[in-house]
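Next come two complexes, and both contain chain A; in the first it sits with chain B, in the second with chain C.
And then the complex of A and B:
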């Protein structure tokens, strides 16, 4: 029923998603971003652009990632909006390569 | 099981097109083709309106093209009308049966006995509402078809007031400081305007939603002003009177840019604060503060949408609301004015595109789609003998569906339906013709909420024997024995004919330029509206439009009350004024059969406040029968405390009710016409609500 950011974003935070989001629904945490479900229009523009495939439609969410629906909701309420694309976190590229090799 | 993506006819890479649906946004989309398959659908990022996003309705369109229920071959009915039993036949067989039925009808009753009943399921200038089939049916001399279910009243109102199709470009709303989303659920039905609203809000704009319902847009706005459905023009006149009373109307603008002010202002005395509060249900303090926002935070941009004009005085409501920025002079400021359907900025050569010269007898009658049921029952001289329906599912989307159903059951009526699925309407067809979907055909799109033109590339192979509308009509022209070359023009030739126009919007725009870019903006600058000019007969904003007299309408903008909503006697019998707004996850009735959208939208509901539920001895979660003298449907009762007493809300587009029958809110809607253009009155409707006992067959009981 919603679009969620999941664990692969953690310590990467590439923010391509922030760049494509038409409604500014991403929220900026220290080491990842979250989606404010109330603002998201479920357009899915962010899903394919994520370099680490961290973003899912909850309909397609693997069972072990289901907890992220609640996590997004909880953190989105606490955090400021991500308004522009940022540099990835240090080590993000190495982490991405690890994640790609694991997938 | 992993779904195999649709097979592409284009090389690997990204190919662009347009969403085909009846929506102001007409998104610029792109399909990624990888290893010969269309693997991903998204929005075109560089399009300044779409900004890389589609919407929740359409994002899974590639999957939708592979819907397991999609019909891939022509079918002929083998069961009774309405049963939905068909057998596969060949295209040649289908076309010869249609041509035989048409020829027989023409011989016995004349060509006007054929009704080409086109609806808005496919927009676009080649495959869709603007032209598909028009050359053939003009050549045939068939009855003309007027699509009156949606926007027509407001379009005519807009034409009388500011010029045809020439209201404010919605994207300019980002320059406004007060934004009235008036009868417009922008967040659900015009989603790509949201970033422009956010831009405006960041720059200090206040956003106010004026709507009887607490919609997603009301939630998004800074303030929500609910009002009695259909009293919008009274509120507008109250606002205008107060502006004049405060002495802050723009006399210079009125003198320079408008006509008819003297006549118009005579009526204002009747719209004092208290009277308007009584009529509209909006407290005087709220109207006062609304006026303060309008005059202190200039310019004001008003975004109207189609729902608001679906009542007895709907056209006049749009017209009168447009007068507010004429009184403040905001039409002269960038971002000021009022926006409705802006499709009329585009001026292709419709006469050539639709083959107007092919019609030999210009006197043919015009049939309005709102009156399908009535016309099937009552028309004589000639009666409707052949009905060809494409781009629509009237048994889900037109008013008074049970009257339509009985019309479609007429044994002497020959019905063809061209669609993608066996809709409820298609079950009554003698022949079913399978049409292509948007990724499988070429089309030329404008938008009625933006000024971009988009060429839609054919990207995927058509499945089975599905054909584009244009090809079906070319083949049918051949089967009818016609020989005029215009009837056999290719899709590209049709596009060239459309663009062969002297209208300024088309200047420099060719098929080649459209094909070489994802989108091309029509030749209009972003400027204050007065620089674009009013395209009315006087060249001014017309408070008084003498041309309306010819239609028997009051020439001066005014308040025309709703009919059923305002009828005290009817209120006694049917206590709820029911609004049927667009569903967030459906587009009219499209996607009402698509699991990802249906599961999000949920079951058919009707919402009322808890006070009203108590009064009717009902509780949230009850199965209820919603009814009036025209029909009934079964839905789940939900409680919405933000609804005023006497108001019910029922999102439209559901294919079936909770009793399992294919009846939705439109079973209760009257097919009478609004004030302008024969428009539909979906939101001027009264119903009663009672508990539904599952063993009771609601409809049989009515009969």
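And then the complex of A and C:
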């Protein structure tokens, strides 16, 4: 079991997750955030707050998103910690509406 | 003019999140974190179940805060005993109560005086090695256990009773508890709650963990279920909120209870009305929508929440079991703000939520505290001195805790376990002060602020 951020975060980066994370395990990429599995305590506080449902417990991960476990691991090592909530990326709200209408 | 100083009473999650928020949001504030025990982290050490090491890793985040040069840990200092609230509010710019809800919510079933009726915190403190909780003796031959209350603490307790002792042996459960649980293997566990299926406060991952323990069958009692509960289980309707729906997805996989051994039974809509036995518990009296019945139990664990333990000099809202407050500002019983006194965590909002819930809770309080403190980065008030002696004489500092930590981890390595907890206060203090304490005050990297 690992908690991972998946493709819906890409170009949205709402960062509600950063705000609720009790251990500061999110890492800040240009287009999205990732979870540093070594720091994450698997409390799942971030899963329900994501506006685009991008965060999964790997146990519940749909098959087409499984590659994100490796992607999170790879990028988390390279990126700085996300310490505070940020404004979403430009266009995030439009993208969110599209994602919601698709689900 | 000196930098403001803040005392935080209690070093559990809410206390550490308060310290973290203060450091982030104020450039010069100094923080003393007091704890009545020699060990920090509160319920991370004494609440989180031994088989959840990942959750306990949250302590790493708190260590970063504790090792900040503006923070001091002062363990083994009990507020209300070693030092009064009045003395604290006189000596610090602000005092934050983060001492949690350490007393079990009383229930009349415990007043019958039967051996085998205990509170959940008696049980969790025992297996987690709390220095004040080591006198518990499991009743011998406790084949059937009833747990009253439907939250995650009930699930923690169920796992400790059901897990194979080999699995428990690798954790940091105390050796006493491990031996007792190995000697007295439990045959039946019933988790009983008054509420409906949707009112149960479990979280689904924890519920799934209990359901998947090898050698045990998760079952639901037909009795006590409402029409709606049945419709939910059969999938005719969906639950009102997402947590209930997630629990429901797990519960749907359960079968009906048959009363056979090695069943963990979930019994909704049921009140425990009485306890029976001579001297020790032999059965509990249940009432549900089909009437009253007696069922065998040698151990009843009351898992119905916690309340703030009274501290002399502090107001207490007895009905809610919290310190009366408005967004973290402590109020007198007349509803007047008490200047300089703040509250966070379970003492502020009662015993509910996950560890992470304390982060936003503490941030709310700190926002108000900093507003009250104003923009001036210094604190103009005169401070009462004369404390150094208490701290010098009694306090266990962060280095003292690190010595305890190292010793426990070393004993764990030697025994093939994650950690061997030390439970005697005297031994904890001896290890904490092992090195000659010539240095006057517990260090806050040189200068002290009191």
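As a convention for this text, the second predicted complex is superposed on the first by the 103 of 103 C-alpha atoms of A that agree within 3 Å, B and C clash if a C-alpha of one lies under 4 Å from a C-alpha of the other, contacts with A are read in each partner's own complex, and residues count from 1 in each chain.
Following the convention adopted for this analysis, a residue touches a chain if its C-beta (ideal position, glycine included) is under 8 Å from a C-beta of that chain, and two chains touch if they have at least 3 such contacts.
Remember, predicted model here, so these are calculated numbers, not experimental data.
Superposition note: with chain A as the common reference, chain B and chain C are in steric clash.
By the document's definition of touching, neither partner reaches A:100: not chain B, not chain C. Of 614-622, 632-640, 650-658 or 686-694, the chain B stretch that intrudes into chain C once chain A is superposed is 650-658 (criterion: clashing C-alpha atoms).
The residues of chain A shared by its contacts with chain B and with chain C are 20-24, 41-45, 48.
In the complex of the two chains, the chain B residues touching chain A come out as 40, 42-43, 45, 51-56, 59, 187, 191-192, 194-195, 198, 596, 600. Contact residues of chain A toward chain C in the complex are 19-24, 39, 41-45, 48, 57.
Residues 13, 17, 54-55, 57-58, 60-61, 203, 205, 242, 354-360 of chain C are the ones that touch chain A when the two sit in their complex. The touching residues of chain A, counted against chain B in their complex, run 1, 20-24, 41-45, 48, 59.
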